[in-house]
Amino acid sequence: MQVNDNKEFQPLIVAFCCNWCSYAGADLSGTNRLNYPTNVKIIRVPCSCRVNPMFILRAFQRGADGVILCGCHPGDCHYTSGNYFTRRRMTLLFSMLDFLGIERDRTRVEWVSAAEGAKFAATMNEFTEAVKKLGPNRRLEDLRCRKQ
Amino acid sequence: MLKISVEKIDELFKAIAEKQTLYIPTDREDGASEYKKYEDGMKLSGNLNTLRSAKDFFFPQTENLADFKMEGKKIEVIDIREEAEDFVVFGVRACDARSFTILDKVFLSDPVDSYYKNRRDHGTIVTMACTKPAETCFCQTFGIDPTEPEGDVACWSDGESIFFKANTEKGQAFVDSVSGLLEDGDTTKLDETKAKTKEIMGKLPLANLSTEAFGGDKLMEHFKSEKWAELSESCLGCGTCTFVCPTCQCYDIKDFNTGNGIKRFRCWDSCMYSDFTKMAHGNIRNSQLERFRQRFMHKLVYFPSNNNGEFGCVGCGRCMSKCPISMNIVKVMKALEVK
Amino acid sequence: MNNNLKEQVLRSSGVNVLKCMRCGKCSGTCPSYDEMEYHPHQFVYMVEKGDIETLMESKSIYKCLTCFACVERCPRGVEPAKVVEAVRLATIRKQGNNHLIPDAIPEMLDEDLPQQAIVTAFRKYTK
Amino acid sequence: MQEAMISKAKQLLADGTVTRVIGWKKGEFAYDITPAIFESSEEIDRDFVYDDFTSTNVSKYLVKESKKEGKILAFLKPCDTYSLNQLTKEHRVDRDNIYVVGIPSDGKLDIEKIKAKGITGITGVERDGETLKISTVYGDETMSVADVMSNKCISCKSKKHVTYDELIGEDGEVITSDRFDMVEKLENMTSEERYNFWRGELSKCIRCNACRNVCPACTCENCVFNNPDSGVENKAAADSFEENMFHIIRAFHVAGRCTDCGECSRVCPQNIPLHLLNRKFIKDINSLYGEYQAGADTTTKAPLNDYTTEDCEASIVHERGVE
Amino acid sequence: MQKIGVFVCHCGTNIAATVDVKAVAEALSHEAGVVISQEYQYMCSEAGQNLVKDAIKEHGLTGVVICSCSPRMHENTFRKAAAAAGLNPYLVEIANIREQCSWIHKDIATATEKAIILGKAAIAKVHLNTPLVAGESPVAKRALVIGGGIAGIQTALDIAEAGFEVDIVEKEATIGGKMAQIDKTFPTLDCAACILTPKMVEASQNEKITIHSYSEVSAVKGFIGNFTATIKKKRRFVDETKCTGCGACTEVCPMQKVPNAFNLGLNNRGAVYIPFAQAVPKVATIDANYCLKLRKGDVNEKVCGKCAAACTVGAINYHQQDEYIEQKYGAIVVATGFNPIKLDKYDEFAYNQCPDVVTSLELERLMNAAGPNGGTLLRPSDKTHPHKIVFVQCVGSRCDDSKGKPYCSKICCMYTAKHAMLIREKYPDTEVYVFYIDVRTPGKNFDEFYRRAVEQYNVHYIKGMVGKVTPKADGTIDVQASDLLSNEQLHIDADMVVLATAIEPDKTARPLATMLTTQMDTNDFFTEAHAKLRPVESATAGIFLSGACQGPKDIPETVAQASAAASKAIGLLVKDSITCNPCVAHSNELMCNGCSACEKVCPYGAITYQDKEFRTPYRTTVMRRVASVNPAVCQGCGACTVACPSGAMDLNGFSNSQIMAEVDAICK
């Protein structure tokens, strides 16, 4: 999270991307020079099902304002079933975060295939805007980690 | 004796709160009471005692000790200690008041714990005598008279008025600072109240609990007791008893990496935990039996052994009501005293 | 070459003339082609070169029917008609009657004036 | 009931079916019951108790006890049998080494609720049908049993024993309860109201770990919160984030495995309604992936270890309920 | 103590233009553990790699971070370089500052800031990397070729030639693809059928090649060397093993009003058909949408059945069902080809209004001896001889709006010249006009070919574009076009108009790409692993690209690429085993509860349980059920790591602590 008095709020977005589809999709949006904001920082994981809820909480703790998980489309998982588990896990986790009063637009799961460079860029643009609207993450941050 | 009418207690609180931070026990929605920073309109709790003890004000559950800043490959140590502000804790019961004698022995003996001392120096403890002890009370076992509490200032209520007596210099300064609101009063009714409370104390189920079988000289006979196995077998190894206890003082020191630096902090630890004092070689007490034994041996044997016979328990009864499986120091004492 | 005029035309038309690949489909499709001295594809090319004044002086700008056939059919989305329109506007502005102020309209109205004329005038003279 | 259980226990000990019995032991007062293991008839006669305050779920003790030499007799209330089944499914207990005697339960009492009525100095509690007579050093009191019934029993989900070797009394049925009402109430609040509600509750947490250590689903050899390598290890919440983190992860780790036995809320010294977190997961699982009761059997796949290709997308969270 | 080397690549200006690489190297040099931080023009070049190797040796590096292009591009390059210098290859991490930074951002300041953060995350991760040793996995000695056009046929022949089994899956009733529909080929003008059909026959007779015609790939699982594909053999209602291709059935079929797909609907065929005389396999197929019997729904009803009666070998089977075949493959070659685009959106060319406006592929059929008119060029509308023909180039190609395709379809200039030339040769009385934007003829003998059309055959090439085509009442067609060089607008009274229609990848390509987890570009062409250096491999290991599925190509190019793809596949198939991914899961037995959650989510059955004795305090032991992972079977998805509540299960290369370190570094 970076706040500058003169500038508009710039959210920090952590994107977990599966190696086979979404990370490749992100690469493709680069190859096609499709812009999305620098706010988005990508972490490569082998499969979306590798993403432990702890990683998502950790990101929020450390000052992320939004966390997005990208994986292969259902049915297309490189490992056949990983994203199906992801879908259940994240549905329940996000529902729980919502239940605890964490703004629901800070979390998202999106299926992006290796061919969808344009979708990747569009998704990141959209998500960054949505998080920007919410403002800084205050409900799930660790004050000790807040930047001075 | 100086007193204030019960009706005017809010005025007194307001007057104190104007000068320094005041904490009073107040009721929560769920019926339990806890200390809260006084704000206008806050009501003094009618409960016997707070869920968490007054220990928290002097030895909080977590506390920052130092910061480390890292610029590139350089590390800088930042002393974050600051002089504490004056504060008053009102309504401390006799048992909790005694807990400070025990905590002081740990934290104020050499080497002095500067964090604890800082708060002790700036905190004024105003106690309140008990009038309605519970079945779980056994302070008298440790020679505490709930009708004559210690603390910088002692208070009593006879139902109509609250009486004040300063026990220390700090206490006297406190009484002087609010003397404008106080008036001299007759203690006849108060003496009756005290007598009545003493009578009840005698009728409590634990009135006859004795420390006779315990103390620094009873080390081996208790350590080797076969009772520990049975006593500890249902212990869950949680830290409830430790964390509600006014005298438990163990802590762990840890570093937290914020990403921009390190915060070195301490937090309460519990000897009931499996990872308590875990070191490179592993745990020193590997079974729940040993850990369970440690906690009670410390209160009943080791502590008196190191502190002229002073026991590490004040009989507040919190562990008795909060233990998830209702195992507690009284059951331990009763089991061990049987030869 | 008049850079100011070129910029004005580019701005008011909103057209990126560099997208043109010189296929000539606009001119192939233009119903007024034979009426025009400069044809749609030439408009685009001449604007790119900055040769605006020649166009402004040509009658061709008034021959364009604004039928938008060239806009519809251009494979690159260049929109030649908008360029023609922009050059036309540049001419009108040059004459000094380039703006229509909304507040001034009530005075100009008369009962016989068709509604469409107001709308068209508004479209043309407010850019 | 207590007599029937004592004679059953003595009989099974005597005929060698079991070598030990897990049950409950009397305390100092009327209510401070401790789970205990009995090895002889004498011990049973002296201390065994089964009454309105024997609410502790003893299933978790069977993780260790079932691995010891000799069979153990466990008296299990209906809710406790769900926990045992779940532990059996996860290979945490040796079911063959446990002799389960199912016992009925018509609801346990909550001493905290009695004390919250301002009653103190309790020296005895006697139940007479639907009224409770409480003697104290300050005089006697009476109250309705329903008023001081334990929360976990008020929203009881089943009177049926899902596993047993023998039953004392009649078996009951799965019952419908209003256990999701409070979850629903919270769901219908605004995001901010929910946030304030949970902040108020979770900020009370003292991280005593009672909820975790009593939970029959939390039987890890080494909890992630104790493991310095896990990245989330901590002993106390130094920040509100850590209060949230502990409870989110704890609830997530038992999601689809929690039988809703209610022990977490019962033991919380700060009266945090932790069961609501677990019930939120249960409610979501039921509504999104079909009715599922953890511990109802020992074979079906847990919802989080399973999927269908038609599962809803995570965006359903964004689309339903109150923002 | 960690000694980490950081190497920042300029990638020419690909990175350096938007990211201040010097600032990145400088900023990262201050990170804990970093002992050397350098930048260089091309890290992937030999000199760049040597920089890394030398630094490893000189500084005794324990970890290497390369800030460069995507790890999908050069991770292996740098791992190999590290290994050559004696460092375990898995101690190398890549920070993707090209595809995910310099290429998507424009502002140098923020892009540089992001690149530094990405570098820090990689450093944080490499601190926790552990040396890993790769195991081996066997290679199934069989290749799957998807698509039976010239690309697929050539690839299959080459692979079979090398001695490996190949399966061709073709969705149509015959192999041959688009080339089978073409009349003559440029620039030599030899007959397409004459050079293609022998290859089709060769493929069908090669004992290593199995042709699954009228079939589709319905599922693909697995990974390089070890794919499992499910092939759906659609029911054709004819037993392939019995049918002799005699054609008796096609003659008796009473339903003769079926548009002939092979002739692009320019004439009709029967409901039971053999696509063309040289079809391979030469087997009849019944079109269930038209067959009088099958259309009814109940095949037992006594309707028609003439074909079955006419068949002397009893090959007709109205009860046939779809058949699914599962087969293991070591390599997969995609050769799904192309199609002309639909012209629905181009009203100006009147394609849907006037039968005499045809596409170039339709013209191929109209001119083909086996076509609807037996090789005589006649107008489809009135079967008269056209005397004036207008060709329109770039119809739908180079079109940046939603109607067409932004790319050049590459083959149109050449085939239009071919058409013009053939018509002028065969019918010298015909005037031929070609409207062009540019004539693109790079290729051996290509420009000479085009010049011959102009100079020798007097084809009128007009620089300009047709704006409007209007069919007139007298049967002629008014073509309104611009002639840019003479700066006039022309009106030509044509008898026929031929549209050089853009080509696009086959519609089946996208779902297939999804199944194969391969990349596609926005136009649905398969993306090669490297545009220059790995043009026939997809980014997904073990999957190769052949022909127009990768981009527009003419026949010689397609064949060249087909053989290249075959050689890549052969290179894989000759190996007995390939090195497997060492980034697999492993269970910490001391923490494992034996709860089976991991086993339940593992898609590969890589996790098993065993009872093991563990030491407990005071010289006691306890038996515990614990999980263990078979590293040869595990593919490293990590599903188990999240299912495991205790955190006993972790993943090599993507451990909990590594990912959290990255999160921390990014959120710093």
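Lettered A, B, C, D and E in written order, each chain numbered from 1.
To be clear about the criterion, a residue touches a chain if its C-beta (ideal position, glycine included) is under 8 Å from a C-beta of that chain, and two chains touch if they have at least 3 such contacts.
These figures come from a predicted structure and were not determined experimentally.
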| item | value |
| --- | --- |
| Intersection of contact partners for chain D and chain E | A, B |
| Steps in the shortest chain-to-chain touch route ending at chain B and beginning at chain A | 1 |
| Higher-contact pair (C-beta pairs counted), A-E versus C-E | A-E |
| Chain nearest the overall C-alpha centroid of the shown protein atoms | A |
| Whole-Å separation of chain centres (CA-atom averages), chain A against chain C | 47 |
| Distance between the centres, which are taken as Cα means, of chain D and chain A, whole angstrom | 36 |
| Computed distance of Cα centres, chain D from chain B, in Å | 30 |
| Euclidean distance of C-alpha centroids - chain C vs chain D, Å | 79 |
| Interface hub residues of chain E, defined as touching at least two other chains | 601, 643, 656, 660, 664, 667-668 |
| Residue numbers of chain C (touch at least two other chains) | none |
| Multi-chain contact sites of chain A, meaning residues that touch two or more partners | 53-54, 58, 62-63, 75, 81, 85, 89, 142, 144-145 |
| Interchain contacts (touch definition) - all pairs | A-B, A-D, A-E, B-D, B-E, C-E, D-E |
| Complex contacts: residues of chain C adjacent to chain E | 19, 21-30, 33-34, 39, 41-42, 69, 73-77 |
| Of all residues in chain E, those that touch chain A in their complex | 70-73, 96, 98-101, 103-107, 110-111, 113-114, 117-118, 121, 221, 223, 510, 513-515, 517-522, 524, 527, 539-540, 583, 601, 603, 635-639, 641-643, 651, 654, 656, 659-660, 662-664, 666-668 |
| Residue ranges of chain B in contact with chain A within the complex | 256, 258-260, 263 |
| In the complex with chain C, residue positions of chain E that touch it | 348, 394, 398-401, 403-404, 435, 437, 463-468, 480-484, 487, 489 |
| Chain D residues touching chain E - in the complex, by the definition given at the top | 67, 90-92, 219-224, 227, 229-231, 253-254, 301-302, 304-306 |
